[in-house]
Amino acid sequence: MHIKLNGDPHEIPAPLSVSALLQQLEIDARRVAVELNLAVVKKAAYDSSVINEGDEVEIVNFVGGG
Amino acid sequence: MSDSFVIAGRTFASRLIIGTGKYPSHAIMKAAHEASGADMATVAVRRVDITRQTESLLDYIDTSKIFLLPNTAACYTADDAIRTARLGREAGMSNWVKLEVIGDEQTLFPDNEGLLEATKLLVKEGFIVLPYTNDDPVMCRKLADAGAAAVMPLGAPIGSGLGIQNPNNIRIIREQATVPVIVDAGVGTASDAAVAMELGADGVLMNTAIAGAKDPVGMAKAMKLAVEAGRLAYLAGRIAKKSYASASSPLTGVVGS
Amino acid sequence: MSDSFVIAGRTFASRLIIGTGKYPSHAIMKAAHEASGADMATVAVRRVDITRQTESLLDYIDTSKIFLLPNTAACYTADDAIRTARLGREAGMSNWVKLEVIGDEQTLFPDNEGLLEATKLLVKEGFIVLPYTNDDPVMCRKLADAGAAAVMPLGAPIGSGLGIQNPNNIRIIREQATVPVIVDAGVGTASDAAVAMELGADGVLMNTAIAGAKDPVGMAKAMKLAVEAGRLAYLAGRIAKKSYASASSPLTGVVGS
Amino acid sequence: MSDSFVIAGRTFASRLIIGTGKYPSHAIMKAAHEASGADMATVAVRRVDITRQTESLLDYIDTSKIFLLPNTAACYTADDAIRTARLGREAGMSNWVKLEVIGDEQTLFPDNEGLLEATKLLVKEGFIVLPYTNDDPVMCRKLADAGAAAVMPLGAPIGSGLGIQNPNNIRIIREQATVPVIVDAGVGTASDAAVAMELGADGVLMNTAIAGAKDPVGMAKAMKLAVEAGRLAYLAGRIAKKSYASASSPLTGVVGS
Amino acid sequence: MSDSFVIAGRTFASRLIIGTGKYPSHAIMKAAHEASGADMATVAVRRVDITRQTESLLDYIDTSKIFLLPNTAACYTADDAIRTARLGREAGMSNWVKLEVIGDEQTLFPDNEGLLEATKLLVKEGFIVLPYTNDDPVMCRKLADAGAAAVMPLGAPIGSGLGIQNPNNIRIIREQATVPVIVDAGVGTASDAAVAMELGADGVLMNTAIAGAKDPVGMAKAMKLAVEAGRLAYLAGRIAKKSYASASSPLTGVVGS
Amino acid sequence: MHIKLNGDPHEIPAPLSVSALLQQLEIDARRVAVELNLAVVKKAAYDSSVINEGDEVEIVNFVGGG
Amino acid sequence: MHIKLNGDPHEIPAPLSVSALLQQLEIDARRVAVELNLAVVKKAAYDSSVINEGDEVEIVNFVGGG
Amino acid sequence: MHIKLNGDPHEIPAPLSVSALLQQLEIDARRVAVELNLAVVKKAAYDSSVINEGDEVEIVNFVGGG
């Protein structure tokens, strides 16, 4: 199943929740923010938000800046 | 005399706001932050590198002491800035944002049109907006009218280290502004920060001047003292400038006279 | 890193040297001195008023903490300066002197001819001579060659508060000098003192900038911090100046890019 | 080398643009205009005084030599500026306008939002628009994109005589601009005009610096020469700045060496 | 108003004094001289190369139009300067000398001690002495008292192109001087020359700024105009500087008001 | 008949053309511009443009400015 | 007996030591310096240094200066 | 015969006048100045001034300078 992750094509076996994706990617959910199809996903909704074919996902965190 | 620095009802101990970019190492950044005495630091919002685990910036920032201010650096449209601000809020669990809408790659000067538009929308969404703008009193007033919690005029291009290029403008912005004025960008060395504060600025935000110094920790300490010195001098009321000399020792009672 | 300030073998804790003239009151002077953290202060040598007892300046200076540096202010010839220096030594029980030979009433600029002559003679008599001169590297070298323990180029006319008028000269004097360089006169506000130190000066001497401020105690504290800030910045190595911007946040990884 | 100054296809002999306000008398204005060598002058559009006949400004301007540029001074909204521009066109039989939309009474700085809006509309109506703006490269680019025939960044507040406050910005505006750049406002004396031209400005517009001088005719002549000097120096390519000396006479062949 | 420039009873048409060193070629020098309008030029005195005949500098200077001013450049003692001055007089059949006694190789700043000594002796020998000194009002007064026909304070190190580093000093020197004041050295571009004249200088002497420009002829023309512009502006009386704006168009009679 | 002229109340006996008004006011038509109810009146239309009760008229000219 | 004290004429009954003069003037000897006929008088010599007819005496102390 | 010319050793066959030396060196006398043993030689004295063994001669002219 094709999705777009941080601007690049990404494969996932089947629809899965944001939580599952983060787990798969070994990303600590507490330190990132997730956008699904241009809408921010609240942390509380990580389990219930499902990523489907063709979805666009952005996962960001804080980096050094001025 | 208490001289507290308050933005949107939140009191900060230091009038120096620091960045987290371009340090030789996270460890040096952490030491510089401590030396600076700052309790607010800007951070950028960027895509996670999913190909490899990198150590997190946050491991090197004591967020119990330092308040994080997400920025929208590198956003060239109001939409990108708004989108980045929303992600920053979610990642940071705070609704503050250093709002940048860049209008030119060479100077990194703001696109004030887009900045004003994004400020209005984000204020509606409940953000505490600190917009980075240029040293224009009129634009600063419009941003404050739009609900900005503070205005952040630039002293010189980001990272240029040229110092305050137009002191007269900064002074006038402070005289006219109804919100805190934070000089953002352009500081190159300690005296530049002191000058900004002597002009009446409520605070100074800098990143490269500290991170890019040969000794970032030493420069951070210097900036801490310079900001305090400039503020004290502003409050103490400097002497007027004279074109000629004025003796500091008595002119009479000299022996042999 | 130890960064001690030594003149003629004597170590001073502060690189700020203060004056004792023109304060609203002796009490305010005392408070300002304490706020400044300085441990050397200049004093003038004048005839006692025999018609009435006046309270002594020394009642307001803790000489256990503050080293007195008698000056020869208002002397317009080498002879008067030498005579005043000898009296100052006797009154102060110390052989240090801030040597002034004034050449012009309007600017109070030094008469370098007389200054050099007086320096040579007083050095022979065992004085520790700190000559007040102008920002001329050649004259500073001659004074050092004549045995001056430090050179004290002016930043601007005494009491003018104009700030360092010729930074390039101060920088070059420091690069060439074999003795400590103390910027004497011209400082108007905290950033001026920081600039002097950033140019490499070993110390700054000021009187009017503090004594004449609306709040001398506040300004004394500002100057203390500014001198420390300028020194730290000098040692930390500032960033180079650029004509254009240089981003402090990453240019890549922006969402939607 | 021909070095012509062209705006919207019209060639001007002089890069100095003058005003018509605040002269001691119409006669002195006329003499100053002649001394300045300028062939474009700004005029304001104001209500006729119907209570009494006043002599007309135009009796003192040789419009066969001097091209009139109506301004929209004292307009605080895009609408008022547009309305005034239309009246100016009708009165002057020309479609050129120096567009001002003022945003602040104290600084007379532009309201760039209103300025951009008015520029777009007047360009649509066929006006040759020369907008007065601040020294912001981004806004200058937007005005040019909106069809402005030239951009006129301010050097300092109108009538302040402070000179070019931010040379770096003027230089960058010139480097980036696709239309002529005319520094408008802030010039106080001849060297200020020369500096503006040395930064690359295509022209300089001034009023108070000439009209308010003790001798307006002499200052007009000075400004004529200064603008030419600055332009020539810009084209000739100045020497680089050095921190130290570089001998202009040979170091060898000195007698007795 | 006639505004003649007179030194030691000799009237010069131009207040710009030029050099003859460092030009790309003698031909370019000749063209630059003509463009500059100057009628006095400095020359150095050096040993003839007896190994080969070189074309003479004088073949490229129309001495019927340009008065030669021999200098004592590269002399580090009063004796060498005096010896060179005497040879220059014999070679030039004139008793004028630009007196230089250099005190430092890095800055080429004067040794004022040696300069004053040499001035006194050469004046006794009937020379018209124009000493190159630094921007010190006291030394300038002493040189004038010693019989110097003019004083030539430096604006910045020779060949540095830094411009007038300490305008306040030049202004004061002019206010106090009893002889013509010629700013010698430091000019980098046209506006620097205008600034010098606006401060009241009677003339400006430069070499590298013209000879080292990409287009020496164009820069020579620029300097001619800049010196005239600065002089006219000085005489015309500039407007005072204001911290805020002052409208140049009427505030009343605006339509719709 | 009341009109508003340059922001002030003004009386005219009867409707009249812009030309007539200027003549009455002894104003040289060549050196002014006229606005009638916010619209600029072209010089060519001075004769045909009639000012009526309550109209707002602006007559402007060039004055010294920067 | 006439002397010159700090530039002004001063009367003393008879020759007296520097110590005596200071005492007479109620000046604390520890905080001043004394010059007798252009030569500084060391504190140790205050008793032995005698002021005579026509002598010039300078008594100075520290005052505020920069 | 050894002399010092412009700081360097120089050979001349026999004592000769300044004029002769200049001629020998093909130097136009009108455009130079000559110093003989530290004293300037006036042009009028070029014929009569004789250069002898060990003399120090300086011949200078104008070059470009600032």
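By letter and in written order, the chains are A, B, C, D, E, F, G and H; residue numbering begins at 1 in each of them.
The working rule: a residue touches a chain if its C-beta (ideal position, glycine included) is under 8 Å from a C-beta of that chain, and two chains touch if they have at least 3 such contacts.
Note that the coordinates shown come from a computational prediction; the quantities given were computed from them, not determined experimentally.
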item	value
Repeat of interface A-C, chosen from B-G, E-H or D-F - more than half of residue-number contact pairs shared	B-G
Remotest chain, chain D as reference, centres from CA atoms	G
Rounded Å distance between chain D and chain G, as computed from the means of their C-alpha atoms	72
Rounded Å distance, chain C centre to chain E centre (Cα mean)	34
Geometric centre distance via CA averages, chain G-chain E, whole Å	55
Of all residues in chain C, the ones touching two or more other chains	19, 21-22, 44-47, 71, 73, 83, 87, 106-107, 109, 157-159, 162, 168, 172, 207-208, 211, 243-244, 247-250, 253, 255-256
Residues within chain G bordering two or more other chains	7, 35, 58, 60, 63-66
Touching residues (chain side chain B, partner chain A) in the complex	19-23, 29, 42-48, 50, 53, 56-58, 68, 70-71, 73, 83, 86-92, 158-159, 185, 205-208, 211
Touch list for chain C against partner chain B, complex	19, 21-22, 44-47, 49, 71, 73-75, 80, 83-84, 87, 106-109, 157-162, 188-191, 194-195, 198, 207-209, 211-219, 221-226, 228-233, 235-256
Complex interface listing, chain E residues touching chain C	103-104, 106-107, 109-113, 116, 134, 136-139, 141-142, 156-157, 162, 165-166, 168-169, 172, 176
Chain A-facing residues of chain C, complex	247-250, 253, 255-257
Contact set on chain H toward chain D in their complex	7, 35, 58, 60, 63-66
